[in-house]
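Shared between the two complexes below is subunit A, which pairs with subunit B and subunit C, respectively.
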Partner chain A sequence: MMELLLILILLTDVALCSTGRLRVLVRTAAWQGFFLGLLALCKGFTFHAATLAAATIAVKAVIFPYILNRAIRKSGTLTEPLPYVSYNLSIVLCALMLGLCVLAADRLPSGQWRMAASIGFFTMFTGFFLIITRRTAFSQVIGYLALEGGIYAFGLSLWQEMQVEVEMGLLLDVFAAIFIMGIVIYRISSEFEHADTARLDFLNDSEEYD
Partner chain B sequence: MISAAVYIPALAGLLAAFTTPAKARKLLIGGAVLHAAACAALWLSRPAPGQWLMADAPALLFLSVSSLLFLLCAFYAKGYLQTLTERGHGHILSGVLTREPEPVFIAFMLLFLSSMSFVCLSRHLGTMWIALEATTVATAPLICFHRSPRSLEAAWKYLMLCSVGIAVALLGNFFVSASLPSPELRLWHDNLLRNAAALNPLWLKIAFVAAFIGYGTKMGLAPMHTWLPDAHSEAPSVISALLSGALLNCAFLALARISSVCMAAGLGAFVGAMFITFGAASVVVAAALMLRQHDYKRLLAYSSVENMGIIALAYGAGAPYAALLHAVNHSVTKALLFLSSGNILRVYKTKKMHEVANLGQTLPATAMLWGAGFLAILGMPPFGAFISKLLTIKALVGSGHYAVAGLFLFMLAAVFAVTAHAVLGMYRKGAQLPPAEEKPIFLLPPFLLGLAALALGLYLPHGFDAALKSAASALGGLP
Partner chain C sequence: MTALADFLIALALAPLLPGIINRVKAFFAGRQGQSPFQLYYDLLKLLRKGAVYSTCATYVFRLGPVIGLAAMLGALAVMPGGSGDALHNFDGGIIFFAYLLALARFAAILAALDTGSSFEGMGASREALYSALAEPPLFVALAMLVKTTGGLSFEAAFPDAALLGGTPRLLAAAALFLVFLAENCRIPTDDPNTHLELTMMHEVMVLDHSGPDFAFISYGAALKMWVLGALTARFLLPFGPGFELRQEALFLAAMFAIALLTGVVESCMARLRLNRVPAMLLAALALSFAAFVTA
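Entry: the complex of A and B
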């Protein structure tokens, strides 16, 4: 069960790197959130685990896609304009990174959850990769989500049981962050009529601004 | 009892979001006063640690600084919001008319105070992380209060860079938990300090690096500082004062909490080297960028990067007392400067230094505060920053970092020359503006901050000194 979920998360990572269609990206991120939620149940079906799984799925697979889709509709941007790294090259880089992540996780002292750790690292990498190489604010938010999801998966691989208050606090925080990011993107879209962060370049240290 | 400092502003903030602007302003002042009272009550009663919160010496020190700054800034903000309503026009530079509704602005200010108090009082590494991320979320809407293109860009960079940075610190928390000999120990930091010798040093080292990158981003250490000049210069001046004066300190506290555990676990040399390297880099980068700065709010923002670098240098050289003293000095002085910069911006309607002239005639009172603030931040005696910078140099030399001490002195001199030249230019004779009215509500808060900056240099009361010392020994990792 757990292996299956981890492989599905891996596939969503690759899918995130391979497309620039924003709605597909949002849908893929929602699936990834769903699988991450189920992953919490793999350590045993307790009340604690079930609450966490339900909250994760509600936030990451239902609310976030709603917020992001709304902002996408508002901005009218449907695809990523010319990313800095082409999609084919992205997939090759992904494959290379996956190998490195497996090697890195192999060296970790902790025992049985090595696979979760390597997928966690890989998901974090995917997140960083999206944030750095994609231009629209939407892809960057999705990158941030993947980064957070990867850390969460890695945390599951280490932690016997986190205090439920801390887990819920983390989730609430990520929720608030995405909510505010959604609002800022919304404002950027109405002010600039695009959501291309590469064209947000008013602020710098040169004299001749304005 | 301890939680009052967290939930009073949170409650006031939630109420403020759903009222009229006039009532929201009352809630802002009321929340700030009650928070200061709660803070004073904590000093007097010194309650025992609860499950999630504790009021030990460092927590109380940083909480009080934040609380006092917020109280003064709340009055200034009230005046600021009143002027905006009276004049009814939009953003002072771009003319953008749309802005967030005033109750929402006040609500986020109060939530910011609440999350900041939560960072200071947290007893658990996990909740500390949650609170610090919450400060990012609460302050981003404050930065883009006016929906001008520049402030939206600044808010976006701030949200993205700080959220990603802090996510790395979360990874650091997981690594700390991996270093525990048994999972029952959990991440209470007093607990970690007591059991530091039993932690796995390799895991702890990785955890420290992750936490350093994460919280260092939020603290504005170079090279992770790139969001800071944008956010601090585009936010309304009263928010810049709080971001620079209070929030950067909170990030330092979070970092110092983890560092103290690492030091107690015998990683002192490694921790010190990290702080010295990044501290020196921050001082150098800030000095280099201040050299060609034409925007006085960006100049202040880079000066914050420099001062965070100084705090890191002092802490890394094994002088947490100097680091804390400098943190307090910097908070007071930088808030004074940002509040005065707001007064200048309101009248001159420009942020470029070469377009400001005749400051002494146009805004006599603000001009005094502005000049005094710069003398203080540059480390002139008799202001407090002189003492803390001197202690930092002493600590660097005492710990054998001669080259860093030399570089630090050189950079201080360079910053002094550059800043003095740029700021004096604002007092030169030039196009005459009619003398502007200066309202007391915009002068009293920076004036009180200036008095504090002066008092810190002239005389440290015994009680305050003792509080600094006990906070320093708690953050220094000594058992």
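Entry: the complex of A and C
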């Protein structure tokens, strides 16, 4: 069961790297959140685990997609315009990152959760990768989400006893961040008519930018 | 003995796979459709005909279909069928198999270039590009098999594939199914029904072949479908050696299920835009790489 969930998370990571359609990205990120939530139950069905799973699924698979979809609808940006790294190259780099992450996770004392550690790493790197290589603020926010999801999966794999308070605090942070970003993206796109962050390079005090 | 039976079964049933795919497509389109045995009739008809050769074509053109068919027969000989035994079993058979597929492709590309037709040259160029992209997922999936089982022949490797978890095998089978679609020129990459469109690949390369040559090519294509289908199926069904009726039935059912699935994919999907095809094959690579690292 856990292995299947991890594979599904891995597939959502690859999917995140391979497309620039924002709605598809949001949907994929929502599924990833759902699988991450279920992952918490794999350490045994306790009250803490159930709370964590329910909170994760509620926030990542329901609330975030809602906020992001609303921001996308308002900004009118539907696709990523020309990412810095092409989608094909992204998939190849994704595969390479996966290999590196498996090697790295081999050196950790995570025992039978070795695979969860490597997939957690991989999800983190996917998040980093999206933040670095995509232009619209939406993809970057989704990258940030994946990054947090990776930390979550990684945390699950390393600690024997789940630190529910820590996870909850993390979730709250991310929630606040996404909430603020939703507003910021809306501001960016209404100010510059597009959510492309590369245009922020042209900001200066002179009157040249119009 | 059972290996020989498997070989003959494959030879006899391979032309049925395209027939099943066509029948499924016809069902989805609400048509009656041609008989599933249509390819058999076509082959018989073509074999009775004479061949026409262009004056500017050389022996390379005549050699193409022969090499193609021979390579497919060789590939079939190292691939175990339902019984778990291969007709020809030796260490390194897995690599031999991959190279035979490449050899058949090489012969087809040379024959296409030999006609001097720019149209066929274009098809050959695309075939070369996509088959080059389809090779890494195939090799990574085979590497996963070798890494886990230590056997360099299919006969040694497949029984031990049961040691692998279900998920790596499923991932590898999914990757190999994408390779199957691309290598057999099925829909997300190429549309086997289009004969005069600028986006087609396989069909354009064989336009100049006629009569028995074309029969060889069609039969070779059917065998290729069988061999790659068997590879995909055997990742999911790791039988031991020896003949068992249940295994044989399961294997044939899996082969027809793959044909059925291909028909469904063809009915439900449009062909990908030409420049999106590499993304599909790279996704296959990512899948088989994931299988490799999780195995």
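The rule we apply is simple: the second predicted complex is superposed on the first by the 198 of 210 C-alpha atoms of A that agree within 3 Å, B and C clash if a C-alpha of one lies under 4 Å from a C-alpha of the other, contacts with A are read in each partner's own complex, and residues count from 1 in each chain.
Assume a residue touches a chain if its C-beta (ideal position, glycine included) is under 8 Å from a C-beta of that chain, and two chains touch if they have at least 3 such contacts.
Owing to the predicted nature of the structure, the values given are computational and were not obtained by experimental measurement.
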| item | value |
| --- | --- |
| Room on subunit A for both subunit B and subunit C (clash or fit) | fit |
| Partner chain in contact with A:Leu158 - subunit B first, subunit C second, else both or neither | first |
| Which superposed partner A:Ile188 touches (first subunit B, second subunit C, both, neither) | first |
| First (subunit B), second (subunit C), both or neither touched by A:Val62 | neither |
| Partner chain in contact with A:Glu3 - subunit B first, subunit C second, else both or neither | second |
| Touched partner set for A:Ala177, first subunit B, second subunit C, both or neither | first |
| Vertex subunit A, arms to subunit B and subunit C (CA centres, degrees, nearest 10) | 150 |
| Touching partner for A:Leu147 - first (subunit B), second (subunit C), both, neither | first |
| Broader residue contact with subunit A after superposition on the shared chain, subunit B or subunit C | B |
| Nearest-approach distance, in Å, of subunit C Cα atoms to those of subunit B in the combined model | 23 |
| Subunit C - residues contacting subunit A, complex | 165-167, 170-171, 278-279, 282-283, 285-287, 289-290, 293-294 |
| Partner subunit A, residues of subunit B touching it in the complex | 52, 93, 124, 126-127, 129-130, 133-134, 136-137, 140-141, 144, 147-150, 152-157, 159-160, 163-164, 167, 170-171, 174, 177-178, 183, 186, 200, 202-203, 229-230, 233-234, 289, 292-294, 298 |
| Subunit B contact footprint on subunit A (complex, rising order) | 109-110, 124, 128, 131, 137, 140, 144, 147-148, 151, 154-155, 158-163, 165-166, 169-170, 172-173, 176-177, 179-181, 183-185, 187-188, 191-192, 197, 200-203, 205, 207, 210 |
| For the subunit A and subunit C complex, residues of the former touching the latter | 3-4, 6-7, 10-11, 14, 18, 87-88, 91-92, 94-95, 98-99, 102, 115, 118 |
